[in-house]
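Shared chain: chain A. Partners: chain B in the first complex, chain C in the second.
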Partner chain A sequence: MDEDDFLEPGQGMSQDQRAELGLGALVFVVVGLLLAMLAFVVHEAWPSFAHNGIAWFGPGGSLDQQIQAIINSGQLKEAPVYTFHAWALIWSTILITVGAVAIAFPASLFIAVFIVEFAPPWLRGTLEPVVRLLASVPSVIYGLAGVLVIVPFIGNHLITQSQKASVTPIIQLSGASLLAAVLILTVMIAPIMIAVFVDGLRAVPRGWLEGSLALGVNQWRTFWKVGVRTVRPVLVAGTVLATARAMGEAIMLSMVSGSVPFAPNPVDGLIFFFEPSQPLAATIIHNTEALNSPPMKATLYAIGAVLLFSSAMLSLIGWTAKQPMRRYGVIA
Partner chain B sequence: MSAVRAATAGVRPRAGTGSAYRLTDRIGLGLAWLFGLLFCAIAVAIVIYFLIEGIRFLRPSVLFTNPVPGVSESQTGGFLDPMLGTFIVGAMAMAIAVPLGVAIAVWLSEFGRPTALARVAESAIEMLAGEPAVVLALFGLTLFELHALGFLSQVSNGVVLGQSFFAAAALLSLVGLPMVVANTREGLQAIPSHVREASYALGKTKIATTRRVLLPAARPSVITGTMLGLGRVIGDTAIVLLLLGGTLNFQSANSVPVLGLLRGTGDTLTGYIYYNAPTGDGNQPDKAYAAAFVLMLMVLALNLGVDLVVSRSRKAVRWN
Partner chain C sequence: MTLRSRVRGLAALTVAIAVMAVPAAAGATTLFGSGSSAEQPILNVLFKAYNQLHRNVKFNYLPDGGNAGVQDVQAGRRLFAVNTRPPLPSDADTTYFKLFLDGLCVDVNPQNSLSNLTVAQTKDIFTGVDTNWVQVGGSNLSTTIDPVGRNSAAGSYTFFQQAILGTQTQSSNVAQETSDGLVATAVSKDPDAIGYIGLAHSGKGSGVKKVTLNGVSCSQANIKNETYPMFRYIWGVLPTNRASPAVEKFFDWVRTSKQAGQIINRAGAVAAFNKK
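Moving on, here comes the complex of A and B:
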């Protein structure tokens, strides 16, 4: 045991003050670094935003041609071209994210309620590690399973030849599609939601549930009307976190979404679900080799800045939403 | 025993059978069972599928040979370098993330003044956890292309490459950091305040209490956080592709033994799988399956480790 461990009356800063200052400074540096990240990315992205203005987010023209022109202008050292209208990418991101969250939310809620309240002990003991395992399977493995199992299945069994023929001049329906992307993304984000929901549901005060039971309300209704209602902030927080994850998923989506900057059109009916697309994050991965072209670099950083900003906003919303739950002792 | 079941024990013979259950309630309970079992089935399917495919394609030779560019499965060698790359990157990233994460968690849980900074730090860590890895990778690229950081990667003709093990590990540590912080903090906050007060009463300073009483008590949480963070780190692909170069084999920056390697580019299992998937440039699915099998084993081992630590710490001493 060190002599240093004990308080000693003396001049200058005490050991505690030094430690507090040191740790505080460290935290300050880390926070500063994260803010620097925002500044760095926006700074690199600025030419692309400045040139396109609000049209950056809008539709117009062929994205393939725009990207090719941007890359070429940089590699041939000509006057840089920045024209870029990202709507197809944004639309794809919205469709895939909303689709996956819409399926994952009810499923996760039922599973979380099941784990906390209704599962027999042996099944609960299985489900908890399973949730943790699915949350930690690397996205590239999900992507591999998607591209070798799900995509060929959709391409060979769900899409008919006539459907393929009907859109041949515009796009190819290979199976790499909205449907595949949404299905796999659902499995990827559900564990995140379940983990957050379970933490919240566990913290519901016992007395509230017992009060409802004492009034003769059955177990299911009690938990649904009292338990789930209490944790509404947690439901918002978990959903928002999962949305941020879904939006930022790049690797898996670049493997199964088709990597074609095409905007799927709901008017196409059933084919809509089989249409390929390319979400924002996957676009960055898809074009990493073009980073040596300065205008393309600015464009990719612009995409990064949009993702950075939206996921930061979502995290902030999630963090704010679950603050009311602190009084039940939920920190997660 | 759950709250409701504890309360109903002895009142109703079996949950879910009373006449008080309306049709909608029964449907709801049925759905809960359905989704729960479906979820287990999906997990089992994924694990079993990769184990079977992995065993089919995994040969001892692929573990001990290096990748070779080629067009057929027999020419392309194995994945020794990517596998070592996973170990190197994981170790380096956690060597940064664990001390940093524990320090941040201690400050947030034990000090936390000024409150404004604590609030900002808390939400910043939260934001970091939700940040897409690909954006972190873009940030890392600009950061390590700075001339001041040229000594961490390669410099050719005055241009800093910005891709190296150092760069990748630094950014990957940010991927693991939120896990370490969250778990350590949870562990520290689970220690009741009378434990701290007992230590203060003996005349120990706050920092000594933290070092000798609180952190040892929170060790299972720190280990859990480390393993969960490591799982995220070795599973990441975007940062590896952008910041490690994804060059299949190690390409040292110079002939200095260790430093040259770490300043050079390389690959990890995730990058290798991405390259060899049908959508990648390599397109050797058998090799991808074998590598995915090895990666899956690592993830399973980490998960098992977490389960062990959690169940052991549940049995450990209680404070009151």
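Moving on, here comes the complex of A and C:
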């Protein structure tokens, strides 16, 4: 680059000042767009919330029939029907997200510690690019692998005939289940967590670890007590990011979760893990064809508003949790 | 390189791209359509063949679902739509044309020896009355039935409901898939499964086996003479007041020409009005 790039005078402002103004304006545009989007989604969703009130979030009735009635009322131009009780969808979202994050978190933490501190250089050189590649695989690919491999395997080898017979005709144990959804979602979000954790662990000042090692503390204990403890804010940030991804995942879950608005019941014992369900985001995917029905459109926007609100709350909780940890040093 | 010369380079590149883009657009009309995703494979072949006959006509088709397509036409966002169900009251200001025929087949896994079902039996399976293959009869299986269907917002489901279920909805043990291809995959992977799948996705190589309905097989001949119980028309949709002449001409070609008829039959649907 030539010198004159930086020395060009422009209407009495330095290049730095212009950059500051320009970028600042961009940030305002982005924040403005975000607020406008929030307002738009809530506005579109309002009829559904207004009609159901707090019962929107509660259980009651067959969701399938409610959705059918909502769609038909719009397409046949009858009086709009809005009755919608989303508990089965919310419960499914909670189960699948919490399940996947609960498995992915410890696994990712151990893998990240291994990559940063214990892996020999050649293995580290292979593992890191593989993890970053996995983090960028589109979710529909995971969905395909689920539909073609995992779901048939669970359906044909893990689920027995007597289990199937015991729940029919209420639900079908086809292999598309809570188990398949949690397993695949775990594989999907773990690379994101690992990538964030690895970056955090790398940022731990070498001197802090060396101080501990010099006192005769072994490598494992040093890294666990000094390294991992220091990056706790990073662990929170990575988990929040991965949880948001898990909550909003739609395509893959619509393919492997069973896509029946049924609330899996832990009292059912082993069958619980084989029960189908349908999370919120997958419900939007399933019903986009019915967007021409105005009440269904409002219902889908209401689901979207709930997802948006949950993501915002998640970020807020993550931010709050990080505050007391900040004094330890590494900041995410 | 200085900033100025980089800006100049960028400007030159932009102009070059614009110049290259112009000849492709000049003189050609692009007909924008949207609608059914199930019929997209057949429409794509028709678009290609029509473009070879009329070099200046191109197509841009968005498979956003039949219902969404009609809405696009009503809003003026698209010139035409393709839908798999007859007109509804919500389709105001649009005109429907029958383009060609399609059939919805009932398929089982090839490991199932079942060869025929009645409409009543099919209804019992998909409403949760019959839950074991023993209850149906004619099958070598004595396992739980795994019915597979489409999601309730799909045009294919609406059609299946009207043709088979009557006023009832499919029962909660029916696994719901978002596309025809996914239903076929699910049935091909599960020996106990049964599903309703479009003719184009039920053929050889799909991994599923068609069963006859009331003794009538789901074939092009039986759909054409309307003896197969689940035949349906595929509809072209135009705005009533401002229909594009170019699209009308294309619809006429699809409905009547011999060439379009052969293409439709080869692609897995059934030509209805085309010259022999």
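One rule holds in what follows: the second predicted complex is superposed on the first by the 291 of 332 C-alpha atoms of A that agree within 3 Å, B and C clash if a C-alpha of one lies under 4 Å from a C-alpha of the other, contacts with A are read in each partner's own complex, and residues count from 1 in each chain.
The rule is short, and it goes like this: contacts are C-beta pairs under 8 Å (C-beta built on N, C-alpha and C of every residue); 3 or more make two chains touch, one makes a residue touch a chain.
A quick note: this is a predicted structure, and the numbers were derived from the prediction, not measured.
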Superposition on chain A - do chain B and chain C clash or fit: clash
Residue contacts on chain A - larger count, chain B or chain C: B
Partner chain(s) touched by A:68 [first = chain B, second = chain C, both, neither]: second
Partner chain in contact with A:94 - chain B first, chain C second, else both or neither: neither
Contacts of A:169 with chain B and chain C, given as first, second, both or neither: second
Touching partner for A:102 - first (chain B), second (chain C), both, neither: neither
Which of chain B and chain C A:50 touches, first, second, both or neither: neither
Partner chain in contact with A:148 - chain B first, chain C second, else both or neither: both
Contacts of A:259 with chain B and chain C, given as first, second, both or neither: both
Touching partner for A:270 - first (chain B), second (chain C), both, neither: neither
Touched partner set for A:291, first chain B, second chain C, both or neither: both
Clash-bearing segment of chain B relative to chain C, given 149-157, 203-211, 221-229 or 293-301: 149-157
Overlap of the chain B and chain C footprints on chain A, listed as residue numbers: 2, 4-5, 147-148, 254-255, 259, 285, 288, 291
Parts of chain A lying in touch with chain C, wherever the complex brings them together: 2, 4-5, 8, 62, 64-65, 67-68, 71, 74-77, 147-148, 151-152, 155-156, 161, 164-165, 167-172, 174-176, 254-255, 258-260, 262, 276, 285-293, 296
Chain B to chain A touching residues, read off their complex: 2-5, 7-8, 15-16, 18, 20-22, 25, 28-29, 31-36, 39-40, 42-43, 46-47, 49-50, 100, 103-104, 106-108, 111, 113, 117, 120-124, 126-136, 138-139, 141-143, 182, 185-186, 189, 203-208, 212, 228, 231-232, 234-238, 241-242, 270, 273-274, 277-279, 285, 288-289, 292, 295-296, 299-300, 302-303, 306-307
Complex interface listing, chain A residues touching chain B: 2, 4-7, 14-16, 19-20, 23-24, 26-28, 30-31, 34-35, 37, 40-41, 44, 107, 110-111, 113-119, 123, 126-127, 129-134, 136-141, 143-145, 147-149, 187, 190, 204, 206, 209-210, 213, 216-224, 241, 244-245, 247-251, 254-255, 259, 281, 284-285, 288, 291, 300-301, 304, 307-308, 311-312, 314-316, 318-319, 331-332
For the chain C and chain A complex, residues of the former touching the latter: 2-3, 64-68, 70-71, 88-90, 128-129, 131-132, 143-148, 151-155, 169, 171-178, 182, 185-186, 189-193
